[in-house]
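Note that chain A is present in both complexes that follow, paired respectively with chain B and with chain C.
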Partner chain A sequence: MEALKEFVNILSGPQYSFTLTLIMFYLLMKYYRIIGTKKFAWGFVILMTPVYLWFMSDDVFRTIIATPDNIPISILLFSVFFFTWLTVHKAAINDERIEAGECPIEGLPENREKVWSWPNLVYNELFVIIAGTIFLIVWAIIFKAPLEEPANPTWAPNPAKAPWYFLGLQEMLVYFDPWMAGVVLPVFIIIGLVAIPYIDTNPKGNGYYTFSERKMAISCFMFGWLVLWIFLIIIGTFLRGPNWTFYGPFEYWDFHKVVAEANINLSEIIWIKMLGTTMPSNLIVREIFGIFVILAYFGISGAMITKKWGQDILEKTGKIRYYFFLFLVLFMATLPIKMYLRWLFTLKYIVALPEWELNL
Partner chain B sequence: MSESKKSLNRREFFSFLAVGWITFTAATAGLLGLVFRFLYPNVNFEPEMEFIAGIPGDYDNGVDERWKNGFGVWIIKREGKLVALSNICTHLGCIPNWLPGELKFKCPCHGSGFYPSGINFEGPAPRPLERFKITTLPDGRLKIDKTKKYRYEKGQWNNPDSYIEV
Partner chain C sequence: MSDKSIVDQVRETQVWKSIFRHGPPNNARNRAAIVAGNVFLHLHPIKLKKSGVQLGYTWCMGGLTFFIFLSLTVTGVLLMFYYRPTAEYAFNDIVALREHVPLGIMREIHRWGAHAMVITVWLHMFRVFMTGSYKPPREFNWGVGVILLVLTLLLSFTGYLLPWDQLAIWAITVGSNMAKATPFLGHGGPGATLAQIGDFILVSDKNDVRFQLLGGRFVGEPALLRFYILHCVFIPLVVGVLIAIHFWRVRKDGGISAPL
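Let's turn to the complex of A and B:
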């Protein structure tokens, strides 16, 4: 049993668990018709319940899960699982109907019937308001707010954690310069979400669940949502301990755990390790390889994606929409790329210009 | 009613207008002044920007934490130099901890690590911790001025104000 726990600890390391999440995400997108069946859902619940109980029987894991701050993430986890399955389930049913030449469930005559928003909708809303208020009051009574001592500008708690909904961002910051992960990437996330209705003018999927008709759009969004946001929140909440060191789910938060993780910049790897010279004093010359890599990433990979997959969309949506979309997707992909570069090559920054506060 | 209206002639109308306008301006200015005053705290708990840090003989080799909680400064004595190091992480401004066992500063927010010299070596911090201006007063005491910062990557650590030979 101890060996199994040790194995789970190792497997939850960010490099392995992120890879596993990527594989699971691929399987979800590929076999959504199997995953979307009720049989699969019940099988999953029956299979996972003993695993969950086994996890909960561990003292360390239970301590982390039962921390008042972490309860919202447990709720989030279960609701994300459930609602993801629900959409997949409805999409799978509709896709089969569409393939058979029928209309989606939402398009059936009995489902197209219209009702008045008053009282049908307003009653439901009133009920949700009351139930939500009661839930929050009971929650606030049962789990006390974890108040700490007054803020001190020369001292920080260890680990210092953001509110749970920002822990994905905090985890991103481990791999990026604060300007990138704190300002540029969040701004692009917001711009991207705002721009969805302007980029995506495809009328398919309006008012009914489907996946086969909207494969690319749904996959892109779900990748950013499940893999790059939810997964990073889970890592940041449950598996980051003192000094922001990684701890497995069964690992005691030992303040003295030492992890050797010396990170180096691309310029140092190339000039010192590969060319065996000193760093050039001219900043641009020093970082020229990194700048070239960044330009090549956006230029060459953008051109390759356009050539291989993009022609169809380019024709349908027009140049501005397509290239804006491509830019957003490439920007989103920088996060996993940067994470893997850190794990595989202990790479810190591709372009490191701390003199100009510019690090990519 | 109509009589009282007629009794207000043009000259009086303008003096009323002037009084009203001045009152309105004064009230608005006073209100804005209150709002502006409200933006500043009544009590400032932030540490002083300049302080006297004893004499050089007070410090042993290594990292000294006595001014960390009060002033946000580590005094580091190594290789014949006495240095006042800032305790603000250069990544996102958290407060790193000194880990005596591992001989490094480690930030609790994103895991940046620094050598006792202040040089960054792990985690996302893009540059070394900053040094503060440290000078010896005529009576031999040390004065640390946090308004002056010296950054390694700009070559400012060679500045004679950024360290004291001991």
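Let's turn to the complex of A and C:
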């Protein structure tokens, strides 16, 4: 048992769990018709329940999970699983119908038929209100709202964590400087979200669940939402202890865990390790390789992607839409890329200009 | 008279008729009148496509979000009776709230409701995305929604500070430290050191965005007052107005989306 727990601890490390999440995401996108069946859902529940109970039988894990402020994340997790399955389930059914030349379920005559708001809609709302009220009251009776020591500006708790819905951003601080993780990336998330309807000109899939008619849009959105946003929140909440050090789900937060971090900048790798010289004193010369890498990433890889996959969308949606979309996707991809560069090469910054507070 | 049920008798009283200007919902005309004649219900269309009513389609997530927002408003007002936003009183008022107020679960409902609203608003966005409901003619309403999402997070974030305990001030410290790194506008962000005229530093910790947000260089009493006003007055008002626009547009854009 202990060996198994040790194994789970290691497997939960960001590098492995993120890779696993990527693989799971790929499988979800590829085999969504199987995953969307009720059989699969029940199989999953039956298989995962003992695993969950086994996790919960561990004191360390239970302490973290049952912290009142962490309850919402469990709820979030369960509802994300459920609703992701539900959309996939509905999309799979509709996709099969569409392939057979039929209309999606939502378009069947009995579903297009107009019904009275009273009682149909109003009673549904009443049901939701009652269910919501009961849920909130029960939750409020079981879990007391936390209150810690009075505020003390001279003594910082360790770890000091932002509210859970921002922990994805705080977790990004491991890989990016605050100006990226805390400002630029969130701003681009907001801009990107607002821009979605103007970028995605595909008229299909408006008003019904489908996957096959909107593969590109749905995979991009789900990647950002499940693989990046939700995943990072979970790591940040459950698996980051004192000093933002990684702790496995069964690992006690003992404050003394020291992780040797010998991260190194790209400029140091090239000038010192590869060329065997000292670092040039001119800042731009010193960082020239990193600057080139960034430009090449957006320019050359952008051009290559366009050539290989993008022509179609470029023609359909026009230049502005396409290049903006490409930019957003490449920008989103910098996060996983930076994560892997850190794990594989202990790379710290691609461009390191602490003199200007500009590190990438 | 005697063969009529009690319900019908009540329906015929002058009091009842003065409040509800329509008969029982047993015919088309009355059903329409109920929805159109009530200020709350008239947010709804009188009739709508069946697919738009089904819980399996909308999950009623937007509706649930709105309901939680209303619950938070009510419980929030109750909490305001007991709470004073000063460094001297804030924490003790919360302690008093949990120790001296009988049957006090208002703070719990408010706190867990705030968390729940963040979750439901995310799920609502997820549903709207998965049904492609942001596509024309609903592009603008999607944009309104994104702003609502951001404001929901900010509401939750500003409220997090108010208990004035260790959890609160350090979470807000971590969060607001990010503002310090805003390019050009934060004193620790890229470009800030470039903005200098001679020896005079334009962007410093005494005037950058974080200072404006907190009313100081750290999370202190001015920050508490700012967050209190943002949390209890400003953001809820803006959210209220935007929700009104959001609902109006759901109707004007043709109701809940359905296959064309």
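Note that in this section the second predicted complex is superposed on the first by the 328 of 360 C-alpha atoms of A that agree within 3 Å, B and C clash if a C-alpha of one lies under 4 Å from a C-alpha of the other, contacts with A are read in each partner's own complex, and residues count from 1 in each chain.
Quick note on the criterion: a residue touches a chain if its C-beta (ideal position, glycine included) is under 8 Å from a C-beta of that chain, and two chains touch if they have at least 3 such contacts.
Here the structure is a predicted model, which is why all the values come from computation and not from measurement.
Once chain A of one complex is fitted onto chain A of the other, the partner contacts of A:A262 are limited to chain B, with no touch recorded for chain C. Of the two partners, chain B and chain C, it is C that touches more residues of chain A.
Residue contacts after overlaying the shared chain place A:M274 against neither chain B nor chain C. Applying the stated contact rule after C-alpha superposition, one finds that A:P178 touches each of chain B and chain C. In the superposed pair of complexes, A:A352 makes contact with chain B only, with no contact to chain C. By the document's definition of touching, neither partner reaches A:L295: not chain B, not chain C.
Within the superposed three-chain model, A:P157 lies in touch with chain B and with chain C [touch as defined at top]. In the superposition on chain A, contact of A:N243 is made with chain B only, not with chain C.
Look at A:I130: by the touch rule set out above, it reaches neither chain B nor chain C.
Looking at the shared chain after the overlay, A:V285 reaches neither chain B nor chain C. When both complexes are aligned on chain A by C-alpha atoms, chain A residues 152-153, 155-157, 160, 170, 177-178, 182, 355 touch chain B in the first and chain C in the second. Those residues of chain A that touch chain C in the shared complex are 69, 71-72, 75-76, 79-80, 83, 86-87, 90-91, 103-104, 106-107, 110-122, 124-125, 128-129, 132-133, 135-137, 139-141, 143-153, 155-157, 160-166, 169-170, 177-179, 181-184, 190, 193-194, 196-198, 200, 202-210, 214, 218, 221, 225, 353, 355-358. Those residues of chain C lying in contact with chain A across their complex are 25, 28, 31-32, 34-35, 41, 44-57, 59-60, 63-64, 67-68, 71, 87, 91, 94-95, 98, 105, 107-113, 115-116, 118-119, 122-123, 126-127, 129-136, 138-139, 142-143, 146, 149-150, 153, 156-157, 160, 163-171, 173-175, 177-183, 186, 188-194, 218-220, 257-260. Contacts from chain B toward chain A in the complex involve residues 45-47, 68-72, 87, 90-92, 94-95, 97, 99, 101-102, 106-111, 113, 121-124, 126-127, 153-154.
On chain A, the positions that touch chain B within their shared complex are 152-160, 170, 173-178, 182, 242-245, 256, 258, 260-263, 348-349, 352, 354-355, 359.
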